[in-house]
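So, here come the structures, one by one.
In the two complexes that follow, subunit A is the common piece, with subunit B as its partner first and subunit C second.
Up next, the complex of A and B:
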């Protein structure tokens, strides 16, 4: 069977066509991966934390003296903060979601937990006011009671009697079974299973943004007198004023004190995703540059061919080609080149992704990014070739007899 | 077959107006073989381009095969070219990237024939010019005379009513030129109307009818009307 004449003619210009096809292939391979990273990171940045971010801030306290003195001072500070106008709630804690720093622990199941799973979790020290302060949604069980909140003895491991866990952790640990009432062990030693799940909250993310443990958090009714933080919720739209008012209230109690680590939740979120945002920006920039360079390459090559074939185009017109047929010739030619580029590019995209997965722990590229990438480069080619193709279609048929 | 009445062609550039054809009237009947001669710049190619719908005339009437071409769209003119007109150029104008088969295929594809019909016509046309065995060759592998024969095959494959040739032998030596002319004569005998521009008076004399153009006008008034068959018969032995 005979080849299409457009293909046959192209094969007479293997190097020029091959270079453009290679450029298209490389572009496809890179933008498919870049696009995946952009979408993945954008989704990652858009994940809800489960707390009322616009109304929350945190600051560090550094109490001094004996354990008793420190505890008394912390409770007095907490009391003072809660009295500041604009403050809706406050509690002592070790960490905040998206803050980048906190405690993590393994979680094991109790002896009744055959068939369940182990997991990793973030630990948040809270009191009975934390659910309201953070704006968490309790979906099963109950909140802590004031009597359940204990001071953490510095040398001893954490052994809370009761815990509240997130739905994500509950599903990981217990699957579809109800979590409330089940025993788990935190701090990871099987056999030391002494914590009862008393409640489940819908969502509370970890201080860290990696996918694996992101939603799996545990609230423990514990206070630390080490160097705790105080989490504060303000009235809506009063975050900035209230931050100042709280600082002043604390200084008023003790003018010598150091108030450090003051950060609002919006700041923490921005900081936590700074790398993601930079990566998204870079990937978009690379994608745009590549598309532009490839488009210019196609425009250049097509323009050159139109000029080179001006006479041939005139002859085709003389032999009865309409302008539309000339236009479509160049469009079809570009589609054939892009087709070769796509075949190579799809293969290359997988190789690039495989290499990145092996070397940088990147995720495997979902297959549907390849047809999306292919569609983009095909469209790019058609857009880029349009102007040169129009110029070709405008070549007058008299060229056939006029240019000797 | 072809009727031009008081045709004018004016080329306008920003500096000058060139009256390439003025008050040009000519009728060519079906089956004629017309040789067009004239000095350089007299308007021969202009006449052929207008006749072949490659260019539009400025004023006057032009009808081909009964169709008045005035005001036809570009697409309609392309279709008319494709169906009714075959071109043979001085510099052959084969497409270098395509083999002979695909070269002859070019106008047939624009016509929209199916694969089998195209193949039949290509093989027949190339056979007719004696190149049936070289369909897979490229133009660069042929001599000039062979290339021109391929161009003639390409013009014939669509079975046009009229074949227009602008100095078809201009790039060939006299032996090859004679060969090509004999081919054209043979085609004409089988019924295709031919109009051929040539500088070669010897070749022109072999045509049944001569049209001489000077300065955009036909000089021999007698030549502007088709000759009746009887006169053609009478003239033939003299040629």
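Up next, the complex of A and C:
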């Protein structure tokens, strides 16, 4: 395959070839960035929460009266919920993973914490049944005991004696050293360290998906009577029926009550990632349309060239060129144009990404998206040019002898 | 002559119907993508209260000091927190140095309807001062705000949104009636007309694209009753124990605005705040970045709070890059299409058609393509906006087309295809007559 006649022919059509190359360059720049966004956001959406999402829902209660009345009311409600058929477990809490609302706090190390680091954590109020209800995997230490669960006195800082933390938080604070038995301080002023780590769970994410400390959560054996929630686990595949049954059971106890913010975990996950999903969808739509439009341009241009060169093709065929050689000529021509496009496109993709990173806080494009994008546009060009090239190859040698 | 060119153009399009349709479709898709993104971006970034935004200022008070660090950074510069402490809010409200000063926050209350068949539900109520309504031009259907005296006297009064009035009172004039909120009776003093500014600029911290609160109650009452805060409370040092120390703490949770009629008032208010900062520093509070304690113009505030999500800007940039590809595409196809007719052009040149006439004719032909492209683009934009709405209900208000955007859409589509057609038309008009006649 000699390249020089192809190049010579292309130089005769600088603008037309340039237009195609520019399209390919832009297409490459856009799809490399779009593809990266799609993959990045898809990974973001797929992050596991650590809980049995398909079996969980949460609802809010607004008990009235004195603290004693409210607490008695809440425990009675909890008891009623636990007895609803289809309910596997339930506990009083302040927040759920992926719910978008909850408590966060700084965590500081105890005096024995040399070499460790401070961090921030989400706080989940739980009781001894929560590990089972959420389906958490305890990888070290022990669960809470019923006697350790206490009511939170309003307006006093949270100072639980014992806590369970996630592996991500343990690694951040203690590195490779075992976390169980260590002292940490939560929600307090620096230096007030009064909580002992008694257990580590494998994974439990925070309520906020866009938070930098997504995996760093702390379970505290506390119940609160101020805007409390009940987290409920149902039998598998019985989520929707059980939601209704629990609501009815609560209204049966008090028809005047407010059952607020009832949401299932799948709903919460969908809501937290709605923006991400929208963006992924838009990027995929743009990519598909873009590939179609660019392919259209290539087909149109190549068809025109084939028509324009029918006589020359006939002459080449008459002089002994095979169909395969004609086919490959057009394929090679397209590959050369695409090659120029790719060189410009890679530069452009990098510049676009740099600019987006500077202006929109987008992440830097990992380098391997560029060869992937290049491969896609190269392949696209070959696919698009195939039909016109086939038509060129089918030109009979006899055409050279006819007057046009 | 123009009509003749258009006729020829239509004939030309008909000669290659598939190619023509694909060109029209490509321009349409490009226009639709760019327009969908631009419409949403423009709506999100729109001035929510254009006749007054010059006079409205958010209160920035920088009491923050996490280990000497600022509350946050935007575009690499430190910014004041988005909310105020109770003590600063009350001090600025009492000082009364602007035409209007408004302090507000959102609380949640249980609405307990007396009407048969209505379940109680939790709703957000905006706790604020009566000046809130005239400051933000909130329209009333019945009644009006509570009085300053009621505000000072912690009166149990409530203003209902139009929808809430319909839900609780079937849309009647409910002024003077009572409703039960979290076990207490409140008297209805006003009912609003439909009001849903986008973005919800008066409080971005509780969701810029959310609806306004359905209930409005006196600020003094909400604070005195310690109603549950429905929003963020952020502290950089421990508030200590008890309600009194919380109210005196450095925790931020209140939203503040001032209305300043002219530049002189703005300057005077700046001076007043500078004096306030000096006083607070003397009293031992942080206020390390004095320049951040200032009235922030509404438009700047919306920018600082990133009301237009970065994702949306990204979409717009890619949308226009896509349009550019479509433009190059149209150029490529038109060039091929016109040059395919070299023989015909050569003939016309030979029998006396001027270059100008041919240029005009081929430019008309590309404009006709653009016209159809604009039409298809419009239809696709409507579809695209519906798609955006279904993807994200938060953008539903933003994702609707108005007349100016419609016009922009048509202009962009036709400009695109005329631009794409200039070079091909020039090339076509430069076909040499003799050569073409010889070869064909």
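Here, the second predicted complex is superposed on the first by the 397 of 404 C-alpha atoms of A that agree within 3 Å, B and C clash if a C-alpha of one lies under 4 Å from a C-alpha of the other, contacts with A are read in each partner's own complex, and residues count from 1 in each chain.
Rule of thumb we're sticking to: contacts are C-beta pairs under 8 Å (C-beta built on N, C-alpha and C of every residue); 3 or more make two chains touch, one makes a residue touch a chain.
A quick note: this is a predicted structure, and the numbers were derived from the prediction, not measured.
*Asks:* Mind checking the superposed model to see whether subunit B and subunit C fit together on subunit A or clash?
*Replies:* Aligned on subunit A, subunit C fits beside subunit B.
*Asks:* In the overlaid three-chain picture, which partner chain does A:26 touch, first (subunit B) or second (subunit C), both, or neither?
*Replies:* After superposing on A, A:26 lies in contact with subunit C but is clear of subunit B.
*Asks:* With the two complexes superposed on chain A, say which partner A:322 touches: subunit B (first), subunit C (second), both, or neither.
*Replies:* A:322 contacts subunit B only, not subunit C.
*Asks:* With the two complexes superposed on chain A, say which partner A:401 touches: subunit B (first), subunit C (second), both, or neither.
*Replies:* So A:401 only meets subunit B here.
*Asks:* Taking the superposition as given, does A:76 touch the first partner, subunit B, the second, subunit C, both, or neither?
*Replies:* A:76 contacts neither subunit B nor subunit C.
*Asks:* For A:258 in the superposed arrangement: first (subunit B), second (subunit C), both or neither?
*Replies:* second
*Asks:* Does subunit B (first) or subunit C (second) touch A:296, or do both, or does neither?
*Replies:* A:296 sits against subunit C, while subunit B stays out of touch.
*Asks:* Given the superposition on chain A, which partner contacts more residues in subunit A: subunit B or subunit C?
*Replies:* Partner touching more subunit A residues in the overlay: C.
*Asks:* Looking at the overlay, what does A:5 touch: subunit B (first), subunit C (second), both, or neither?
*Replies:* In the superposition, A:5 touches subunit B alone.
*Asks:* With the superposition applied, I'd like the minimum CA-CA separation between subunit B and subunit C in Å.
*Replies:* Checking C-alpha atoms only, subunit B sits 9 Å from subunit C at its nearest point.
*Asks:* Where on subunit A do subunit B and subunit C both make contact?
*Replies:* Overlap of subunit B and subunit C footprints on subunit A: residues 404.
*Asks:* Taking the touch rule as given, give the residues of subunit A at its contact with subunit C in the complex, in rising order.
*Replies:* 15-16, 19-20, 22-23, 26-27, 29-30, 33-34, 37, 60, 62, 64, 155-157, 188-189, 226-227, 251, 256-258, 260-261, 274-275, 277-279, 281-283, 285-286, 289-290, 293-294, 296-297, 300-301, 303-304, 307-308, 352, 356, 359-362, 404
*Asks:* Could you list, by residue number, the parts of subunit A that touch subunit B in their complex?
*Replies:* It is residues 2, 5, 8-9, 12-13, 311-312, 315-325, 396-398, 400-402, 404 of subunit A that touch subunit B.
*Asks:* Which of the residues in subunit B end up touching subunit A in this complex?
*Replies:* 45, 48-49, 52-55, 74-75, 78-79, 81-83, 87, 89-91, 93, 95-99, 101-102, 105-107, 109-111, 154, 158, 166
*Asks:* For the complex, which residues does subunit C have touching subunit A?
*Replies:* Per the stated touch rule, the residues are 19, 22, 26, 29-30, 33, 108, 110, 112, 119-122, 182-183, 228, 237-238, 241-243, 246, 309-311, 313-315, 317-319, 321-322, 324-326, 328-329, 331-333, 335-337, 339-340, 387-388, 391-392, 394, 423, 427, 439-440.
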